[in-house]
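Worksheet: the structure to be examined is printed underneath.
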Amino acid sequence: MIYLQVLANGVVLGGLYAAIAVGFSLVWGVLNVINMLHGSFIVLGAYVAFFAYGLFGLHPFLAAPIAGAILFAIGFSLQSTVINRVIRAPVLMTLTLTFGLDLLLNNAMLQAFKADYRKVVLDPPLGSMFFGPIVLPLDRVAVMALALLLTYGLYRLLRDSKMGRAIISVRMDREAAALMGVDVMRMQAITFGIGAFMAGAAGSLLSIIYPISPLNSITFLGKAFVVCVIGGLGSVGGAIVGGIALGLIESFAALWFGPEYTVPLSFALLVTFLAVRPTGLLGRRGYE
Amino acid sequence: MTALLKLDGVSRSFKGLRAIDNVSLTVNAGEIVGLIGPNGAGKTTLVNVVTGMYPAMAGRVRLDGRDITRVAPNRIAQLGVARTFQIVQPFPRMTVGENIAAGALFSGGARSLADARARARELARQVGIGDLTDQPAEMLTLARRKRLELAKSLAMRPKLLFLDEVNAGLNPAEIDEALKMISKVAQSGVTIIVIEHLMKVVLSISTRLVVLHHGQLIADGLPQEVVRDPRVAEAYLGKRYVEASRGPSS
Amino acid sequence: MRTAIILVIGAALFAALLLLGSNYAIRFATIFAMYATLALSWNFIGGLAGYPSFATAAFFGLGSYASAILQSSGIPMLMAWPIGGLFTAVFAAVIGLAILHLKGHYFAIASLALVEFLRELVNINDQLTGGGMGLNLPVAHAGVTQQALFFLAAMLAVTIVTLLAAVVVSRRKIGFALRCIQQNEDAAIMLGVNARWYKAAAFTLSALFPGVAGGIYASWVHYIDPSDVFDILLSVKPLVMVLLGGLGTLFGPVIGAAVFLVLEEAVWRSFLTVHAAVLGLLIVALVLFLPNGLMAIGRRRRRASQA
């Protein structure tokens, strides 16, 4: 019986992880940039939700698109001004650059908001759902559902909209896309912006579950990494598969070994996947 | 004549597509073998398999009697197999001299860096880029890069040398120069396999001709005979053309 | 020639600093020696071989803990340090088998994950390592200044050995091989370079000296805990120092370390709270405006004037 509960926990957790990772996966897969700011973007989105709730009583679920929009603007500008200049540079440069930018952003947040952990406490609280023997906290399920909805939205955007097709074409072949008339620079900035949007919106949704602090950004980033490597890069499906896989593995690992082992386990998993199957479960070849 | 290279039923597929299919081939020391075939016939794949870049999925490859089917590419290079690349791949930020010295140092048996550098200067002179040894390799023109590729391969002191489309992108004068050089190399005792598109080129220097088509060996023999083989014409020109050219008598 | 002049001036400044005798100066010099070692070591894998490794902190931390645990079992300091270093080197050689075939981003992430993984592992195994409570090391019975000088000498000795190793590598076949691998690994292999072996050697070298330095650090500060020695900044700062000084050059790491630390001291004094932000700014500026490091500036100007 307990396995069913752990399974359910794992799936719900997985949905959250997918939401955390999908923006990161998109940027890495399309732009070949590892956005070390991703975790901080999520935290920033959470702060937007926190202040929106505290000052205006706006529900975090409603604040999500707003947080997303703000982060989109930040991401778009960062990409077009700074990151674009190193987009063709060796891996070392782009990684170091985004790392430096993250230091800046993270420190700025620490200055502005302090390190104290905040939380959005909903009033009235959402309570729990009961599926037979399984207990599911409603807030997590709601966040997971909305996060998956958001992810689905991204999927449709990439598949059906003109902009989405342009983004995918840049992913496949940058030069060919340019020859076809795609404004590659603009698409790159938009892609980065969308990645930031997803992070901000996810952060807003997650604000009711996880404590909010700049100190958490590295945790989110770490999860995003693992999800992408497990699931495969640059595709929404990869993020979902990877997220759910990680959620399940962590839930069962917590049951069998103890919760303190989940972090080292996820990193061991990361290294194992990288060693054995770097393209992830879905096998989409990321850039090297 | 001693068999230098022996392929027995070698096959290699990529994602279900058979790039080379059950190829058996013997190359004797001292030959200049022309390896021809239409685009996509599997010529470069064959080179990649022999040099160890991709392992063969079936069959055996023997060098001087020694089974090299599963041997690592750097080891095969040291055993005496060298190749040039269609798309020239130098070490861009190193000088021409250093590029050639690398070949001497890692497979050519040079005793030290200084020895390798000395040999590199000599080889550069031999292929005609002797005054460029201190230039960064990325600044060379295409024709000179091809010479660099050749010098690098020669620095490895190979027994067997694959020349993969060395003449692509060269003008007729440059091609003539290249052919003269290839002859000289053959005379120095290196067995050569030339992969070429240009019939005239391959016919002028090959002692033997081997034809690949859809990954299969369809002809193997003296150049004059192979060119008259109807299967070869079919491979290049298509069945209909061959039948049409035979006229209404058939 | 230019490098020689810079180094002579640097050494003179260094000696002058020491003659001041203040404990502050000695401390600063010790930190410099430590980071110079880390930067020089990183240069083997990151600069010469071109594999962006973030694992330096993992090796430093591993060396710290290995040496500390050995000492708490009674092994004397001067033996524990090299043993810790060797242990770290062996660890790197083994892990290298798993991750050195990865390229670019994937390798970087794997090396980063190594740091996090080891830190958590140390945290959990608190029976052995003291976990989050940290580990105390035996304090020597000697005067403060004497101790300070002793540890400075120890760190400096490691730095000099690392520098010598770098010189030897750059002059011999292995350095040449690594440069070939960095510029075109596939072509290098086809030329006869045993890339696997050389990369493993570079990775091991990039672990050995940080491992020893970590051991010395632990003894120097008498107390270590996981987030202290497995700090990702211990991977990033040496990297930035090498970028600053000049990637793949011989003395770039040392010069970069010196410049960086001086800057950091100046900043730290004035901007205590926004220290990290200023570091971030420095990194961004470096990548955008000075990607080839300080040593390239003179070179570019000289080449331009020759043109």
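We just call them A, B and C in the order they show up, numbering each chain from 1.
Here, a contact is a pair of C-beta atoms (placed from the backbone, for glycine too) under 8 Å apart; a residue touches a chain by one contact, two chains touch by 3 or more.
Everything numeric in this text was worked out from a predicted model, so none of it was measured.
Judged by the touch criterion defined above, the protein chains link up one after another in an open path, with no loop closing it. Here the largest set of C-beta contact pairs joins the chains A-C. Distance between chain A and chain B, defined via averaged C-alpha coordinates, is recorded as 49 Å. Distance from the chain B centre to the chain C centre is 45 Å, each centre being the mean of its Cα atoms. Work out the mean CA point of chain A and of chain C, and you get 32 Å between them.
On the side of chain B, the complex with chain C involves touching residues 51, 53, 72-75, 77-78, 83, 85, 89-94, 98, 101-103, 105-107, 113, 152, 156. Those residues of chain C whose C-beta lies close enough to touch chain A in the complex are 46, 50, 52, 98-99, 101-106, 108-110, 113-114, 116-117, 120-121, 123-124, 236, 239-240, 243, 273-277, 279-284, 286-288, 291. Of all residues in chain C, only 171-173, 176-177, 179-180, 183-184, 186-195 touch chain B in the complex they form. Contact residues on chain A toward chain C in their complex (touch as defined above): 28, 32, 34, 82, 85-86, 89-93, 95-97, 99-108, 110-111, 222, 225, 229, 260-261, 263-264, 267-268, 270-271, 274-275, 278, 286-288.
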